[in-house]
Every structure is written in structure tokens, then in C-alpha cells.
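Dropping the structures in below, format is C-alpha cells.
Each of the two complexes below includes subunit A, the first together with subunit B, the second together with subunit C.
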Partner chain A sequence: MLGYVIRRLAIAVVILFASSFLVYILAAYAGDPLEDLRQSRDPNREALIAQRTAALNLDVPPVLRYFLWLRGAIGCVVPFGATCDLGTSLQGFEVTELLSRAIAQTVLLVTAATILSIVIGIALGIISALRQYSGLDYGVTFMAFLFFSLPVFWVAVLLKEFGAIRFNDFLAEASFSPVAIVLAGIVVGLVVYGASYGTTRTRVLVSGGAAATTMVLMLGIGASGWLRTPFLGIPGILLVGGLISVGVTFLIAGFRNKRALYSGLTAVGVAAIVYFPIQSVLGDDASWLLIAGLGVVTLIVGAVIGYAFGGYDRSQNIRIGALSAFFAGGLVLLDRFMQSWPQYVGHPRIRNRPISTVGSSTPGFDEGFWLSGIDTMTHLILPTAALMLVALAGYSRYSRASMLEIMNMDYIRTARAKGASERSVVMRHAFRNALIPLATLIAFDIGALIGGAVITENVFAFTGMGQLFIQALVIVDLNPLMGVFLVTGILAMVFNLVADLLYSVLDPRVRVKA
Partner chain B sequence: MTRRTRILGMVAVGALALTACASQDSTDTATGTDTATDAATAERSGGTIRVAETNAFTSFNPAVGANNLDINSKVLGTMRSDFIYIDNELNIVQDESFGTYELVSEDPLTVTYTVNESSVWSDGNAIDRGDMLLQWAVRSGYFDGDDPEAGPTYFQYAGSTEGLGLTEMPEFDGEQTMTLTYSQPYVDWEIAFGLGDAMPAHVVAEQAGLADEAALVELLETATPGEPNEELQAVADFWNTGYVTNTMPSDESLLLSSGPMIVTDMVADQSVTLGLNESYGGDLAPQADEITVRFIGDAAATIAALRNGEVDIIAPQPTVDSVTEVQGIDGVTVLQGSQLAYDHIDLSFDSEVFADANVREAFLLTLPREQIVDRLIRPINENAEVVNSQLYLPSEGDLYTQSVEQNGSDAYAEVDIEAAQELLDGATPTVRILYNSDNPIRVDTFSLIQESASQAGFVIEDGGSPDWGSELGTGTYDASIFGWISSGVGNAGVPQLFSTTGGGNYSAYSNEEVDALASELMVTTDSDEAEGIKRQIDALLWGDAYGATFFQSPGLVVHSDDVQGVEYMPNQTGVWWNFWEWSLNS
Partner chain C sequence: MTTNQNDTGVSEDAVAKVADEAVDGLARETEGLSQGQIVRKRFMHNTPAVIAVFVLVFVVLLSLTSIGFGPVPGWWQWGFTEQPPVQNGGRPTLSLTGLGDHPFGQDNLGRDLFAMTMRGTQMTLLVMVLVGVLTGIIGVVIGAASGYFRGWTEAILMRLTDIIIIIPLLILAAVLGRMAITYVDTGVLRVAALGVLIGLFAWTALARLVRAEIMSLREREFVDAARLAGASDVRIIFKHILPNSVGVITVNLTLLLAAAVLLETALSYLGLGVQPPDWSLGRLISANQQAFTTRPWLFWFPGLFIILICLAINFIGDGLRDAFDPRQKKFNPRKAKETDAHMLDETDAVTADAARSGADRDGNAPGPTKPA
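After this line comes the complex of A and B, so read on.
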């Protein structure tokens, strides 16, 4: 195993050298770094050209210039003792500084989108695999291919038009037209009909109920102005938290384990009880550190509740208690953000148009943790949605295929034959194994993500790795360009290795030979 | 009207407006005895005005060659006061609330500059001798060695040292008044010195390790030009690199302002926030309380941001699509205009084909200039017109018209294939045209020329290349289509482009008369005379069939109707030229 890793790393270094040379030469010949100066008619044009030539070593041919760059860059790859010098950009910034800032922006942009697309994509894939050839399966397949084939800049344009410009217009009214309510009801009804199973009568009843609930909710939201002054409150937390808890219990333990169900519900109840006391902790001086700390406390409390319920399988109770507490705590947090929402929307810098189409924050907006947190979210929501819609399609297809393959395996039939419940067959026997091929995919994708989402960054005016790369390429500023290449190249190879190793760990049939 | 009288007129109007502004503060209860306009008597609007810019801010010192980006100049422009500013008709307007300058003598050319005692940096330090001396040292290149290869080179100044290079060490009368004496007359003396991009001397001195501003003054007055000097090198090093930042610097001395506004917040690659400079006492006090600048590279994204009410003023890349889109938005004002960049075709005088004047004339006669503008530019800027002068642009108004009337460009106003065929007399010369094949407008220009010139018998070879810039002046082509960017004010570019030894003369053009006139132009301090010389050069260029000019690049500014006072400006300052007049509707 160790030998294998060392061999892979050694090959990686060779590849890195060769490819960095190739990229350097290609980029150097890709454009003219003096183009703008050549068009200048200032009398000092020659002096400016001389200045830039000196700054970029343009008098050295690219093949040799690569080694000038390499001399500093090699310190970044050698782990000990050497200093990392990736040079400076044309504007005079240290490339290492540019990189760290760009990576932070990229991570901010892609983290939520990645997590959401993995979770939702896999869930959709699994569900559509379980309901193969149903209306739902066809629907998910259709949507997956639709989003997969849409270019991201086009998705972004649509999102900006409907998710930001028109949604902000709509917020001024914040009530739904009767046509919209009926249409939404019909759509929800159809989706639920496709997803539900059982006799036609049950399915009609269920989907009818869902449609009616949707319409009533929309009416209520419109009439109460909920969108302008949103809140959950204790009833909301009990209701939504309770539903989540029941769902979690169904997936992990099944309803036969009453203790598990009760520990989940108790955790939600505790969250509702501490709702008022906790408000004073969530004051204006809150921080992400505090939130993370509270999150840990919540998990522990939930686990303790699960433990206290006892029974033959305490670990199940503990997991359900902890998860339920975590989600209920999340709802309390969400409620706290909602309390600050009207203040945010009415802020003079926001001017009643909360959803933003560019950048990662409103310039000059510094109004404490909650409002600034909302500001970040209103800026991230559209790019996150755009990235998610496109990436989600891929995950749902992979997980559907993987799940279908597993469900046709002999050991699944065996599990059914020995009388395991359908829940147990799906969740325990099939689901876990279906995730193995996805683990490689995800490991690889995460490596690629840091490379930045060039187009998404551009249309949403984020300045992450993709923008750093493109802008450097346009003005043929090789130092930042090579910096991006170095980071993405190393990450790609490392995660590739991680994916291979992960596979051998997860799947006993695969073994790495040293 | 000549430029001088126009300048005087503008100064007069400016002064009137300024007195009106000044009276507004002191006479809140005055009963309208002055001639103040409505705008001047109105209350300040306050509020935040948000501007979208394409490129991100990188440095507080755009006078450094590497950091000489438009965006840096725009931001710094709100943070510096100067003796003059340029208005959107390209006139020089004096700001006497900051300081004054005076032409004392024409021979030798002597100019005095006086900064008002009320003009201070935002930390209270006076703008005086040290600041002027440092700025002079930067703009004159006085201390640099004669041979740039041998060094020493101190300040990496982005502008030209041509003008102040003619001056001796300035003399001071008190701390506020400086006298510059030129060794020979200089045509652009009025814009040669200024404090519009000056760095505070007391800060530069301290950051460079000197004791204080007085030490810097002493250093500058005693250092020997052309010889290495460690202390001066430290000063120059800080000046060259010390102002590079795109986050809020921890050292507030980097943020000092002498202008109406001062940076209050910066987010790297995202935004710069400008607030009011409390210590500003000049006349160009802004209507708004705050201006935020957001950096949005993508044109479609800027338009969406304007529609979503996230920004108030945008200047997206003008294309047919963007113009159509912004014209369809409610509640915004679209300002269409021309930039000072213009496309032109130059004929190579060292090519065999164009050595013959008849062939040059014949070629120019085939250029479908009207058609090029009509097809390529009018869809973007409906007011676009063919440029008919090598030295002036339509944006310059009367000066342009006067030159066009006499420069002989009317001979090429229309395509005349028959006349071209007559001149060619049956010959079929091959012309290789160099252009940027990555620029769609240049590609289309080339196609239109090719189509038209072929009719007269020319064989047009496609010399288009994405790497066209490095081919310029190498003699591998017979004609080249590319763009020049004019500064709009100043004449230093003329010998640069058209004299035999000019650095921008890629066409090997050589005309002794033009050379003589260009040299004369550079030593002409009277602006009427200078314009007369330029008109003569213009006529000679067209007479020699030097080449032809096509069009000014279109410009586009869109602003929300919530903002008033935004005016189109053709030069690189863009809408920022009158930022103090922007106001918000309440």
C-alpha cells in the first residue's frame, strides 16, 4: 500500500513538471502582453514597454522563462525548508496572496452548491431507481438531462431574471395571484402522484391532499405577509422539526422502534422549550464560532436524549436523537435569521431588493452577524442554485444507475428472502453499497471544484480561481496563471489518488497491490 | 471659438457656478440675490450612489506604469484636488478653490503654481512645497540617468516626462508657491504639472525611512541627477510599489485624500466605498454622501445588476446586444456617445506597392468608410460619424470641423472606383493588410475594404493575425488597420505618430514639412497658433495619402433615473469627470 502511494506520488511529480512546462509555453504564446501599450500614442510608450518587458522578463524566450519561474515555484512543492515564491502579478500582488484569496472565494461559492447537489442528487437518484419506469423516474430523468444540457450562463440568466429581478418585484406585493396558486397546486399534485405508490385511490387522495395543503399554505403566506416578515416560532419548529424527526426515524430505524421515534420527537420538543431562552445567546455579538459550538452542544444533547430512552438498540436512538436535535437546532437558527429579515430588506443599502445578482456582499454593508449573514446568503443563493442545478443532474444519474445495479444483485434477493423489511433492504443492504462508486466520483469532483467555476464566477462577478486564471490568461500574466495551474494540478492528482485509495478501503473486492 | 476662448468661457461659467456653490454654504437664508442655478441652491441630496466598473481596483498610485489602470485613476480622481480638471467637451477647467497657476513669461517659459493655504491632506498636513517638489521629481524624470539602460531609473512614471523634463529645479516663494522655468517653450505646459495624482510627501518620506517631509525636500534639492542615491531609491521604491493594495490597508496614511472623497472600505476584487472627506474645503463638494464602486467584469451581469437595483450607473461594453437590451429597460437613461479611441488604416510608405502616390490615392478612394460606419458602428451608436481627420476627433467639436474644412479629406468622402481605376491605369497591385483577427469589427472592416478595393483591381491579401501587435512596424504588410487612443487634451502625440523618427510611426512615413511643423508645434505655447499648425499637418497627411480614419469606438453609459447629473464623457475618466454633481432623487 505504502509503496503504491509513493509510486503514484513520484509519477505525479513528473506529470506536474511536464504539464506545467506545457501550460507555460502554451500560455506564453497565447497572446501579446504588450498589446494595449502598442496602441498607445503617448510619447513615453517606449518607456512603458521597457518597464513591462523588464517586469515580465519578456526579453527571455518563454522556454527559458519557464525555468526562471520554476526556480521560485519549486520551493512550493518541496515540503521542507524551501521558501515558496510564485512571483508577483503584473499589478504587483504576491501570487500566493492572490491564490489564497481566490481559493477562499471559490470555496465560499462552491461549498453549499456541492453539498446540496450531492445530497439532493443522490436522493433523487435513489428514489427514481426505486420507482424505476414510474412517472417520477421519467420526470427526474427528463429534468436531469434538461439541466445537464443547459449551459450554466443560460441557467444564470434565467435565475437572475426570475430568481432576483422578478422575485424582488414580487416581494413588494408578496401575495400570489389565484392563477399562480392553482397552478402550483396542480404541479405539486402531479409530482406527488408520480412519487407515491399504492392503489390509484390512495395515490389520488395523497396527491390531492398535498395539492390542497400547498394552495392553503400559499394563500396563508400571501394573506399574512409572511414573505416580508417571515418566522417559524415554536409552532413552526414543532411542526417542521417533528416531520423531519419522523422522516429520519423512518429511514434509520423504522416505526417499529418506538423508542427511536420518541427520542427524536423529544429532541425536537427540547429545541422548542429552549427557543425563548436561547434568543438572548443569539444576540448581535454572535459569531460562526458560537453557532458551531451550539451545534456541537445540540448534537450532544440529542445523543444524551437518545441514550436515556434506552432499549435494545441504543445506538439507533442516539443517532436519531442527535440528528433530530441537529435539525431542530437548525430551525431555531433559521428562525433567528428570519427575525432579522425585515430589518435587512428595509436597510437603505438594500432598498427592498434583497436577492442580489452580483458579488459576494453589498459594498459597505456591515451591520452585525445576523444582517451580514443574510447579506451573504442573498448573494450566494443564485450562484449556488445555478451550480447545483447543473451538478445535481450528474449525481442523480450516477446514483440511479448504481442503485439499480445493486438492487438486482443476488444478495438483495437473499435479504428479501430471509424476511428483512423493505426499509432495511433499501437502506442497509443496497444504499450503502450503491454509494461506493459515488465516493470516487465525489472525491474527484471536490479536487476539480477548487479549480473554480469560470463561467459561473464571471456571470455572478465572483473572483475565485476561475477568474484569476482567465484574467491572467487574457493579459498573458503568467505568474498568477501558473499559480492557479499549480494548485489545481496538485489537487487533481491528490484527489485522484485519494479516490483510488478510498475505493480499495470501501470495497473489499478491490485491493491495492504494492 | 478657439480652444483658449472656450477655456476662458468654461472658467467663467465654472467660476460662476463655484461662487454659487460657495454662497450656498454661507447664506442658507439668503434671498436669491445671486445668480445661482437651481442645482446650486438645492440642498445636498445625500445618500449612496453605486457605480459598476469593469476592472478591479489595484493601487492608489495609478501614476506608476504597472498600475496605470483607468479604474485606479477614477478612484484616485475622487481623492485628489488639482489646479485643473477636464470637462466633457475636453476643455481645461481651472479649480481655483484648490490653487492657481499663471503664465509669467513666454520666453523663457515660466509658470507659477500656488496652492491655497486652505488646501490640506485629510490628516491636516498642508499641501505645499514637499508635495509639489516630489510630484515634479516624478513627472520630470529629473534624477534619472540619460541612458535608461545604464540607469539609475527612479520613479516608474506612467506618463511622459517630455514636458517637465525641460524644466530646471523649481524655485519656491514661501511654502505654497512654485515657479517652473522651461529651457524652451512647451506646447502642453498647461497640463505638464499638476497634483491630480500626487502622493503626500510627508507619507512617502516617512515610509521611505526619511525623518520627515523637510528631509525629503532637502534630499530632492541636493541629490545629483543621474547618479545612484540610496535614499532617493528608497523614496522611489515606496512610490513605485507602496500603494499597491486591494484591501483596506492597516496603515491609514496610504489613504490620505486631498479631494472631495476618501476611501472608507475596500473588499478585494469586489468593491471600493468612498465617503466624504471631512477636511475638504474646495468647491467641488459632492452632492451624495457616499459612492460605492462595484467591479463587475461581465457586461450582461452589469445590466442585470442595474435592472435589479444593485447599481445606479453602469458603462457596459457597447455591443448591438447590450444597446438593444438597455434601451428596453424602464426607469433608466441611456447615454450613447463616442470614445476617444478610433480605428484607422495606415499605408506603409516603405512597401513597394504604396511607394507610388497614385496607388495610395487610388486605394484610399476605394475605402468604403461611410459603409463601414453604417454597418458596424451605427447599430451601436446611432449618432456615429466617419472621422475625417488624422489629428482631431468629432468629440473635439469646432476644432475638428475647422480642420476637416481645409484638410482635403473630402476627396475621399465617397468611394470612387472609376477614379481609382484611372489612377491605377490597369495595374493590379497586391496589398497585404494587417489587422487583429480576434476583433470582429476589424475583421468586418477588412472584408468590406477587400470587397470594395477588389472592384478597382487591387488584390487584397488577408494579413489578419491575433498577434498583429508584434508585427507592427516590421514591414511584413502594406497597410494596417488598428486603433489609436487619443488623450483628447495635449499635443505630444503628434510628433510621436507623424514625424520621421516618431515612436508610433509604424508606416515609415517621412515628410520634411511635417517634421518641421511637428517640431514647431512642440515649442508653440499659444494655443491658437498650435491649432493652426496642427491643421496644416492634418492637410499635409491627407495630401500625402497617409491613410484614412474610420470611426470613434462607441461608448455607452446607462444610469438609473434615481440619479441625476450624470453626463457622458468621451475620455478615459468616463462619467467620473463630474462625480461631485451626481445626486440622488429623494
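After this line comes the complex of A and C, so read on.
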């Protein structure tokens, strides 16, 4: 295994050298980095040109200049000894500094989008595979095709218009028109009908109930002005947390395991009990470190609750307890953010238009942890949605294909034949194995995503890797451009290797050539 | 392929009769047909794919005939650079009764959006065709050579592929687009240069797929037979092996075309593709996105055409994949529910899907890889 990894890394380094050379040469001949100076009417034009030429070694032919760049860049790849020097940009900024700032922005942008699209995409794919050739399946398939064909920039501009500008207008009234309520009810009803199973009677009842619930909820939200002063409170946490807990129990253990159900519900109850005491901890001086610490504590408490319930399968209880506690804790956190929402919306810098279309934060907005947190979220929500649409389609198609393949395996028939419940067949025998090919795909995608969601960053004016690259390319600024490529290339290589290793770990039938 | 099982005498055997209704159906379906005819027949039964073909042909013909191409004049009254006076705030005149003067509306200078969209479609299609042709030729040749000859040829060609494939396509294409801007001055030639440059570098994924396909085909008996009969390497590759991998090549090439459309429009949106005064669908959107609140039609129509083209190509690709897959049996969910042969049909369809997913994993995404 170790030999394989070392050999792969050695090959990767050689390939990286070659392709960085290729990119350098292509980019160097793509244009003239002195163009802006040549066209300027500045009296000391010649001096400026000479200065930039000297600073960036522009008098050296690109083929040789590459090795000058490489000498500094090698320090970044070799883990010890040499210093990392990626040169300076045309404006004289250190590329390493530009890069570190851009990477932070890009990671902020792609993290939520990646996680959400993986979770939702896989869920959609699995459900549509389990209901193959149903209305839902056709619907999801068509959506996937549509999303494949959507240009990201087009969607992004649409999102800016409808997700931000129109939504902000809508927030001023924050109530739904009767037409909107009825339409939402119909849509929810149709989706639920497509996803449900059983006799037509049951399906109609279930989907009708879902549609009615949606409409009542929307009416309530509109009438109470909930969107302007959102809150969950203890009843909300108990209700939503309880539902999540029941869902988790259904997927992991099934309802026959009463202890599992009780441990999940108890965890939610505990979250509701500590709701008031915890508010003082979540004061204005909170930080992400504190939140993370509380998250760990929550997981431990949930696990302890699960352990205390005992029974024949303790590990199941522990998992359900921990997961329920985690989600309930998340709800408490969400509630805390919601408490600050009216204050945020009313802030003079925001002026009742919370959803933003540019950048990653309101410039100069620093009003403590909670308000700044909301500020980041309102900036991230639209680019995240745009990125999600792109990735969602791919994941749902892959997981559908993978799940269909697995459901046709002999061992699934064996599991059914020995009397395993449908839940156990789907969740334990099929789902886990269907994830194996997806794991490699995800590893590969993460590597590619960090390289920059170039178009999304451009539309939403995010100063991430993609923007850095495009801006450098337009003025043929080689050093930042190569910096972006280096990060992207290394990540692609590493995650490629991770994907291969992951596959051999997850699927024992695949062995790497040691 | 041409023998029907029922004529061979084995049909007397009750076991064989019960055993494989599906094979029987397949045999009857393919009786006396060549490979091409079978594929065509299967494709024709795929309604969405056939509709997609009609849509694509319609878009191509519309864009070519309406404003003409090169010296050939079109039937549409406005050119894409003309600036007639703005009528009715530039609102679209398209209705069920007819096109009107400006079916897609006008921008603030009075330019006719229909003419501009048609021009943009032409440019986008031009890039698509160039990328498709070049990628197809280079990818197949390199993939075939490395898969068939193995040894040093393979080592060198595949390392070359590795070197290019780790550069994200959008980044590479952006650099190439910048090159085209620097070195080529005139409109259409510059767009063509962009297509050619992208085509010269976008073949890597196809080459890998073709190589994998050919590596398995070259071990087959019919290749040995051809070699014993004295056929040259070139003849074996082009006459015996490639026709058998035409399915993989066509399907992936189709999906690559959709990716090329999205890539070109994205580049033009970023300002690194088609340059003013010429139009691409992407540049139309980037030029008009600020006007969304005042003239939303300037934004809707070009986007609609991108989606129309990509969706059509994706559906065609999916139809081709089903048509080329020999294990795929036409599936009718209604029939399956009615008859007791439910399980049989279901199993069969699932196998085909599984096979398809297998093909996916070796190669590209089930759809095109698209820039984020």
C-alpha cells in the first residue's frame, strides 16, 4: 500500500511539472503583460515598462522564465527547507498572500454547496431508484437533464433577480397570496404522491395531508409575520426535533426498536430543557470555537442517553441519540440566529434588504458574532444555491444508477429471502454499497471544486480562486495564474489518489497493486 | 444476429421456450437487421430523443437560414448589427399569430434581439462543431493507438493525456480563449480559432475511454482471425475494432458537444470567448444582465436557446446510449404492471441500467461535465 502511494505520488509530481510547464507556456504566449503600459500616455512610460520587465523577468523567454518561477515554486511543494515563493503580481502583491485569501473565500463558498448537493443529490437518486419508472423517477430524471443543460451564469443571474431582489421586496410584506398557497399545496401534493407507495387510496390520503399541512403552514407564516420575526422556541424545537428524531430512527433502526426511538426523543427533550440555560452561554461574545465545543458536548450527551437506554443493540441507540441530539442542538443554534434576525434586517447598513447579491460580507459590517454570522449566511445563500443546482444533477444520476445496480445483486435477493425487512434491505444491504462508487466521485469533485467555481464567483463578485485566475488571465499576469493552477493541480492529484485508495478501502474486492 | 431461435429446432425444447422470453423477443426484434438498422430502430422508438433531434435540426436551420451565413443572405429583415428605431420600448412582438417586427424584442440601441440571438446561436454551434470534430478525430486516434499498440506508444500517449487532463477544462479553455483574442483579429475567424484551440486540448477524456474499449476488443477472436488473415494494423483498427466501439464514441462525443456549448457560452460570458461586435449566446447574456429589471426579454431568449440546444443534445445522447446498448430492451412500464412477467421485465431493464452506469463510471459523468 505504502509503496503504491509513494509511486503514485512520484508520478504525480512529474506530471504536475509537465502540465505546469504547459500552462505556463500557453499563458505566457496568450497575451502581453505590458499592454496597459504600452497604451498609456504616462510621460515616464518607458521607465514603468523597464521596471515591470525587471521585476517579472519579462526579458527572459518564457521557456526559461518558467524555470525561474519553478525555483521559487518548488519551495511550496517540498514540505521542508526551501521557502515558498510564487512571485508577485503585476501590481506587486505577493502571490502567496493573494492565494491564501482567495482559498479562504473559495472554501467558504463551496463547503456548504458541496455538502448540501451530496446529501440532497444522493437522497433524490436513491428515492428515484427505489421508485423506478414512477412519476417521481421521471420527474427527477427530467430535472437532472434540465440542470445539466442550464448555464450556471444564467441561473445565477436569475437567482440574483428572484432570490434576492424580488425576495427582499417580498419580505417587506412577508405574506403569501392565495394563489401562491394553493400552487405550493398542489406541488407538494404531487411530489408526495409520486414518492409515496401503497394503494391509490393511501397515496391520495398521504399526499392530500401533506398538501393541507403545507397550505396551513404557509397561511400561519403569512398571518403571524413569522418571516420577519422568525423563531422556533421550545415548541418548535420539540416538534421539528421530534420529527427529525423519528425520521432518523426509522432509517437507522426501524420502529420496532422502541429503545432507539425513546433515546432519540429523550435527546430532543434534553435539548428543549437546556434551551433557556444555554441562552446565556450563547451571548454576544460567542465564537465558532465555542459552537464547535458545544457541538461535541451535544454529541457526547446524546450518546450517553443512547447508552443509558441499553437494550440488545446499544450502538444503534447511541448513534440515534447522538444524531438526534446533534440535530436538536442545531435547532437551538438556528433559533439563536433567528433571534438576531430582526435586529440584522433593521440594521442601517442592511435597510430591510437582507439577501445580498455581491461579495461574501457587507463591507465593514462587524456587529458581533450573531449578526456577522447572519451577514455571511445571507451572502452565501445564493451562490450556494447556484453551485448546488450544478452538482445536484450529477449526484442524483450517479446514485440512482449505482442503487439500481446494487438492488439487482444476488445478495439483495438473499437478504429479502431470509426475511429481512425492506428498511434493512435498503439501508443496510443496498444503500451502504451504493455509496462506494460515489465516495470516489465525491473525492474527485472536491478536488475540482476548490480550484474555483469560476463562473459563480464571477457572477456573485466573490474574490476567490476563480476570480483571481480570471483577473490574472485578462491582463496576462502569470504569477497569480500559475499559483491558482498549482493549487488546483495539486488538489486534483491528491484527491485522485484519495479516490483510488478510498475505493480499495471501501470495496475489499479492489486491491491496489502494491 | 440474424438467426431466429425458433427456426433452429431447439425451439422444440420446452425449457428453452420458458427460459428466455426476453432473448426470444430480442431475436425477433433484430431479425435480419444490420447493426446500424437495429440502432436506428431502437433510437426511433425513443420519443424524447426523436423530439430532441427535431428540435436541434430546427434550431440549426433557423439560425442558418434566418440571417444567412457568410455571403448567403437570410430571410430575416434585420441584420445583427443594424439599429432600427426602438418600437414600443423594444418589447417582443412574438405571438401566436406571427413573428411581428421584432419577435424577441430590441435592446436599448434598437438592435433586433432575434437577429442577435440567431448570430449567437451560429457562433455557439460553430464552436461546438469544431470542438466535436477535432476532439472526435484526435481522441479516437490517440485512444486507438495507445490501446492497440500498448508498450511505449501507450506509455507516451497516456502520460500526455495525464498531463492535459489535470488542468481543469475551464481554466485551460480560458487561457486558449485569451490566446485566440490576442492572435486572431477578425470576428468569425477568431471564433473558429477558439473552437480549434479547445478541440486540440479537449480530447483527453474520450481518448481514455476509447483506449479502455479497444484494449478489451483487441483480445477478441475476430481480431486474431483478421491478423491471421494478414490484415495490417491500420486495417484491423479501422475495419474491425473501431466499428465495434462506435457506441462508446458516439455517446460520449454527443455529451461532449453539450459540454462544449456550455463551455463556449461560459467563456463568452466571462469575456474570454466571442468578442464584440460579434455575438455568442453567452455574450448576449453577459451584455444584457444589467437590463434584467427593465428589459427582461433580452435575458430570457438567449438563455432559452442555450438550454434548448443543450437539452436536445443531452436527450439525443441518452437515446443513443440506450440504442447502442445491446442488453437494453425496450421497457414499457404500463405493460409490466399489467402482465405477470413483471419481474422479468424489471430485472432486464435494471441490468441495462446497471450496465449503463458501469459505462459511466469508466468514463465521464452521465451528462456532460460542466463548468461551475
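Heads up, the rule we're going with is that the second predicted complex is superposed on the first by the 514 of 514 C-alpha atoms of A that agree within 3 Å, B and C clash if a C-alpha of one lies under 4 Å from a C-alpha of the other, contacts with A are read in each partner's own complex, and residues count from 1 in each chain.
In this text, a residue touches a chain if its C-beta (ideal position, glycine included) is under 8 Å from a C-beta of that chain, and two chains touch if they have at least 3 such contacts.
Just so we're clear, the structure is a prediction, and the values are computed from it rather than from any experiment.
Contacts of A:19 after superposition: subunit C is touched, whereas subunit B is not reached.
When the two complexes are overlaid on their common chain A, residue A:244 makes contact with neither subunit B nor subunit C.
After overlaying the two complexes on the shared chain, residue contacts for A:497 are found with neither subunit B nor subunit C. In the superposition on chain A, A:151 makes contact with subunit C only, not with subunit B. Shared-chain residue A:454: touches subunit C; no touch with subunit B.
Once the two complexes are laid over each other on the shared chain, residue contacts for A:404 go to subunit C alone; subunit B is not touched.
In the superposition on chain A, A:42 makes contact with subunit B only, while subunit C stays out of contact range. Legend: residue contacts after superposition of the two complexes on their common chain; A:165 is shown touching both subunit B and subunit C.
When the two structures are aligned on the shared chain, A:488 is found in touch with subunit C, with no touch to subunit B.
Counting contacts by the rule stated earlier, residues 31-32, 157, 161, 165, 458 of subunit A appear in both its interface with subunit B and its interface with subunit C. The touching residues of subunit A, counted against subunit B in their complex, run 31-32, 34-35, 38-48, 50-52, 55, 90-93, 101, 105, 157, 160-161, 164-165, 168, 348-349, 351, 353, 355-361, 363-364, 366, 458-461, 463, 467, 471.
Subunit B makes touch with subunit A in their complex at residues 47-48, 50, 56, 58-59, 65-69, 148, 156-162, 241, 244, 246, 264-265, 267-273, 290, 292-298, 300-302, 304-305, 307-310, 341, 466-467, 469-470, 472, 482-487, 492-493, 495-497, 503-504.
By the touch criterion stated above, subunit C contacts subunit A in their complex at residues 159, 162-164, 166-168, 170-172, 174-176, 178-179, 181-182, 258, 262, 265-266, 269-272, 282, 285-286, 289, 292-293, 299, 303, 306-307, 310-311, 314-315, 318, 331, 333, 336, 346-347, 349-351, 353-354, 356-358, 360-361, 365-368, 370-372. Every residue of subunit A that touches subunit C in the complex is listed here, in rising order: 15-16, 18-19, 22-23, 26-27, 29-32, 132-133, 144-146, 148-154, 157, 161, 165, 387, 390-391, 393-394, 397-398, 401-402, 404-405, 407-408, 437, 448-449, 451-456, 458, 469-470, 473-474, 476, 484-485, 488-489, 492-493.
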